[in-house]
Structures are given as C-alpha cells and as structure tokens.
C-alpha cells in the first residue's frame, strides 16, 4: 500500500515546479502553463484526501471537479487576455507589458 | 516494495520530469506537449487512487480541450517560433529558491501532521463513486449550489473571453 | 464450464496453469495471460483492418456501378495484402525542418487512440473487455488523444497545407464533439450507468426505438469526428492535398489510413452497442459467446455500412455551412433533446412499458419536428434576405 | 486488481503494434534521401516562405466554446447516471444548468463569433 505522504510530497513537488514556472518564465502563455501545473497539484491533494479520508462524503472529488471548472475559466480568460494584449502591443513577454509603469 | 509502489514511483518520476520540461523548454509548443505528458501522468495517479472518473475527466478536459486551447493560443501569439531571446527572467535563481523553499516548507508543515503517513482503507464493496457524485451534486443538502455556480462561472468565462479577445471596435 | 460456453476463461485458466507450472508468480502469470489476450485481440483487429480496405473498396465500387478489386486472388481478396507489402517497401521520408520526435509520434498515437477503444467493447456476455464504470467517457478520452495526434502531425510536418489541414480538422472535431458528448448522455440516462455492459444489458428495447433522434445525431457527430465525407472538408483532399497527413509516406501514412478505417468500423460498433443492443439478439447471445461476437460484428458492419453509404452518396458541403450546421442547429438541438429526454424519463417513470416507449418515441418525434420547423422558417427568412440583396444589386446594375 | 491495469496493457500493446509496423517499413524500405525529396510538398510549386503561418482567431473561439461545454459535460455525466432515481427537482436543476450555458452559446452566436470567416 502507498502511504498518503507519497501523494502529498508528489503534489508539493509539482506545486513547486509550477511556481518556478510562474515566477521565472517571461512568456505569458508559459506562465499560464505553470499555473496549470499548480492547479493539478492541488487536485492531486484533493483526490488523495478523498481516498484516504471518508470516501462516502465525496467532498474531495466534488472540489476537484470544481477546480476543473475553475481551471477551464482561468485558461480561457487568461489566454484571451494574452491574445488581446498581443494584438495591441505585439508582444507576449510579461516584462514588456509595463503600460501602468511610469 | 510492492508492485503498486513501483508503479507509483515510475509514474511520479515521469510526471515530475515532464513538469520540469514544461517550465524549462524553449519551444512553447513543446512545452504544451510536455504539459500533456504531465497531465497524463496525473491521470494515472488518479487511477491509482481508485478515482477512475477523475482520471478520465482529466484526459477529457485537460488533454482534449485545455492543451488544444494552449496550442491554438501559442499559434496565435507568436512572431517567430524560433526566437532566441532568453525564455527566463534575469533573476531566475530567486524564483528557483522561492519554489524550493515552498516545497520544503510544505513538506515540513505536512510532516508534523498526525495523518501524514496514513494508509488507505479498502474501497467498500459495491461503492459507486459516480452514482454518489451524481446524488451529491444534485442534492439540495449537499453540493447543488456549487453545481449551479459552476455553470455561472463557465458562462462568465465564455462571455468574458469572447469579449476580451475579439471585441471588434 | 467448457470451451464452447466460456472460451476465454478456459483458455486463460489453461495458460495460467502452464505459467504457474513453470514456477511463475500467480499475479505475474495472470498479467502475462491478459497481455497475451490483449495482443491477440489487437492483432485480430489489425487483420480485420486490412480486410476493411477491401470491404470499403468493394462497397464504393458497387455504389458507383463498378466491380472493385478483382484481380489479386478470388474476388480480389489478396489485394489489401499486396497494398500492405507495397506500403512496407515504400521509402519513409521525413521532410526538412520537421520536428522529428513529434512527427514520428503522431501516427503511433493516432493508431493507439483507435485501438484502445476496444478495451471497453463488450464482445459477449462472458467477454466484457475492461469493466470500466466510466465506459462512455472513455470513448471521449480516447478521442481526445486522437485529436492531439492530428495537431501534432499537422504542426510537426513543417508544411503550410499540413498545418492548415490539421487545424481545420481539429476545429471540426472539437465542434462536433459537443453534440456527441450530449448524445452519449442519453443511453447513460436510460441505463443509469456509464458502463458499456450495463448499457447493453438494460436494452430490452433498443435505445434506437426509444430515442431515434439521439441515435441519428450521434451518427452525424461520429461521421464528422471521423473526418469522412460529407464532412471531410477539413482534410479537403482536392483543396488541401489531404490535409494533416500530406508529408507522411510509407507505413506512417498507412497508420493514419488504417486508423481512419478502423475508427469508422469502431464507431459502427459503438453505434450498435449504444443504440442497437450490442451483442444481444433475441436471446441468441446466451447460446454461445461465439454467436454473440458474430452478432456484434454483423451489427458493427451494418453500422459501418451506413457510414459508407452516407459517404458515397451525399454531396459535399462547404466548411462554413458545416460548422454553422453544428453550432446553430445540432448543438442546440442536442441540448434540447437531452433535457426533453431527462424530463420525460422522470415523468414517465413507473409507467407501463409500452406507454414509456411510446411517450419517449413521440417526445423525440416532436422535438425533431419543432427543430425542423424553426430551421425551415429561419432559412426561409435567410433566403428572402439574400433574394432582396440580389434584387437591389440588379437595380443598381441596370 | 485495479481494472485500469488492463487499460494500461491496452495502451502498451496499442503502441507496440504501430511501432512494429513502422519499424518494418523502416527496415524493408529504401533509404535514399536527397534535398529535393525532403522538401515539403506544396502542389508541385517551390515552397514559399515560412510554414508557421499566422492563423485564424476563429480556431481559438471554437476551442474555447468546446472547452466550456466539455467541462459542462463533466458535471452532467454524474447527473445523467443518477437522474433515473432522483425526483423532478434534479431535472429542473439540470435544465437551469444547461440553460445558463446556452446563454453563453447564444451570446457568442450573436457576436458573430461562430461564423467561419
């Protein structure tokens, strides 16, 4: 049997990698890829807690499905923003999007 | 070490390896394809957790729709696919440090929790997760509100995305 | 229990006995036997796939008043094998600037996405395949991998036509996946389960009779999903020089081609399983699993024949018409049908068997009729608008 | 035993057989590459410009609408499994759920985003 800790460590590592991507990548689309990794790490945790906790309540799986919906919303609006920015400024490099800066 | 543990370790290494490729590959289409590999690994993890429905949904939603959306967005927003400018920030080491610290902090915090190395109880005989899910998602005493709110969220996302990206002036 | 009644279990037990007799671990022996079974099934499918080429060519020949392949072997039966040998000894070219790994992975994934569909096909009452409780969604998940393989092929070929063809094909596939997903919910509602075998077991009346409109929409969506005529605009063999697979040659092209044919046959099979009772035929399936498999194959062949019939007798439409048809007609209609089905299923619960069937059938007919009336009035208005524009233009002209 | 192990076997065998077929083609086929043969095919005309052309925004819209309805289906499949045993209230919940999303489809339609331009 696999102890719960293995899943939690895997999720933490995936979260860390996603965070690294979000902090480090310059391309806005690549940043959203990192966010996807982080959301998946959260989902692994939720499903693992469902499996190792009280299975009959289903709370973990319901939350995980809601996370799917949130991820879908995040990706669609996020990428739409990136496309919109690209059309106006002709770049998707996050550093160069400094219109609000003096 | 049991067979299940070996499978878990292989899948976990595959998942983390492809996740690293996602955040380090220069070519964005390759990054999106590595994301597909990562998400497939996560689907296998769900299958190991006896959550078959989540595993299939992971493939349907992430590989079938989100990965394709990413690839389309990459195609729409590139000037030159072979751009040779650095793909990472100047202070990438700070990002790596923060990520590593987050990982260590998370593991350290979890490790002090009493249920950390819990083992799973056997799945009850005749337990049907999908049927349970259907009942709970529609039951007024359980999750019917999140069920309907998710619909509103998806509507807002669709309308917002269409408006933001393609508002013809 | 003998071979005639349960061949799979007898053969598996015999093989496992041999393997454990060699001192092998029991679990390992079981996995090995299952592996051999899967290998056998997929090999049979590939051989069947080779014959599908012959069947397809024969059928299209008959539709077009020709004879079809008739030189190599009796009735041209050896023809597909000659084709295979030709494909094998063809040179395997890779275009300049192609993304090698992705380019080579695409045909493999394409074929794999079709082959794994057979994991959930119940061949007979004692040969259930993998008994997944998410069977119906598994169908969509395998399709997702197929979609991805097309994007990979189109993108990695370093060719404008492949790229355009690939992305067009994907746009069509994702568009028609919505009505397909929705129509998969209809057998799910009737059976109260997503398991393929439960769906077959609960079909004391074919779901085609309870929900003819659902079966029809599923077939249309499936044909579009397969990228076959009249929905082959995405590939556009005459405009886009075959679309995403243009740069592939030899066996890699063969994988795409064989995958498409087997996919069509597989969807014929799923149409039979979801709406025509699968291996069931008036209790004959209980006599022997061999008979059950024969029934399923005949039904799948009939489904495949309907798909070919549509392909070779319908004219092609334009891609804007096709996508408009999906978004503005098929998708709203499938949602309406889903909700009507759910509502009627609840209202008619506990009703007499015949009353239930009649009510469901009428609900389908009424839904179809209303949808067609709306489409008719809308298209009439559209025609008048176009006529008006034309007249104005003519007045200006003269 | 976990039934997903069988699916994994199907995936493995489903990869092995196409790889085997392609490998056979690679072994028995001739290999005489030359620059002309390896150039991309564009209807017999010399390839012009970059292959990675700019492409239409319409594709993104289709994928977007598909994503939204895909997630919707994820919510609706458990509902569809259970609906046969639940009361009328569940059907009404489903109607509301789908109804809200159809508003999004109608909005996209009215915006003219579903046209193939």
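Letters A, B, C and D mark the chains as written, and numbering starts fresh at 1 in each.
Operating definition for what follows: contacts are C-beta pairs under 8 Å (C-beta built on N, C-alpha and C of every residue); 3 or more make two chains touch, one makes a residue touch a chain.
Every value quoted in this text rests on a predicted model; they were computed, and no experiment measured them.
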| message | Based on mean C-alpha positions, I'd like to know which chain lies farthest from chain C. | response | A
| remark: Ranking chains by how close their C-alpha centroid sits to the total C-alpha centroid puts first chain D
| field | Centre distance in Å when chain A and chain B are each reduced to the mean of their C-alpha atoms | value | 6
| How far is the middle of chain C from the middle of chain D, if each middle is the mean of its Cα atoms, in Å? | 14
| remark: CA centroids of chain B and chain D: separation to the nearest Å works out as 18
| Centroid spacing, where centroids are CA-atom means, of chain B and chain C in whole angstrom | 29
| remark: Where chain B touches two or more other chains at once, the residues are 48, 50, 52-53, 57, 60-61, 64-66, 68-69, 72-73, 75-76, 78, 129-130, 133, 137, 150, 154, 157-158, 161-162, 165
| query | At which residue positions does chain A touch at least two other chains? | reply | 65, 68-69, 72, 75-76, 79-80, 83
| message | Among all residues of chain D, which ones touch two or more of the remaining chains? | response | 3, 7, 52, 55, 57, 59-60, 63-68, 70-71, 73-75, 77, 80-83, 86, 90, 94
| query | Which chains touch which? | reply | A-B, A-D, B-C, B-D, C-D
| Okay, in this complex, where on chain C does chain D touch? | 27, 30-31, 34-35, 38-39, 42-43, 46, 87-97, 104, 107-108, 111-112, 115-116, 118-119, 130-132, 136-138, 140, 157-164, 167, 170-171, 174-175, 177-178, 181-182, 185, 188-190, 192-194, 241, 246-247, 250-252, 254-255, 319-320, 323-324, 327-328, 331-332, 335, 338-339, 342-343, 345-347, 349
| said: Which residues of chain D touch chain B once you look at their complex with the stated criterion? | reply: 2-4, 7-8, 52, 54-55, 57, 59-61, 63-68, 70-75, 77-83, 86, 89-90, 93-94, 96-97, 100-101, 103-104, 107-108, 111, 113
| field | chain B-facing residues of chain C, complex | value | 27, 102, 132-134, 137-138, 140-141, 143-145, 147-148, 151-152, 155, 167, 170, 174, 177, 194
| task | Please give the residue numbers of chain D that touch chain A in the complex, ascending. | result | 57, 60, 64, 67-68, 70-71, 74-75
| request: Using the touch rule from the top, collect the residues of chain B that touch chain D in their complex. | output: 44, 47-48, 50, 52-53, 55, 57, 60-61, 64-66, 68-69, 72-73, 75-76, 78, 81, 130-131, 133-135, 137-138, 140, 144, 147-148, 150-152, 154-155, 157-159, 161-163, 165-166
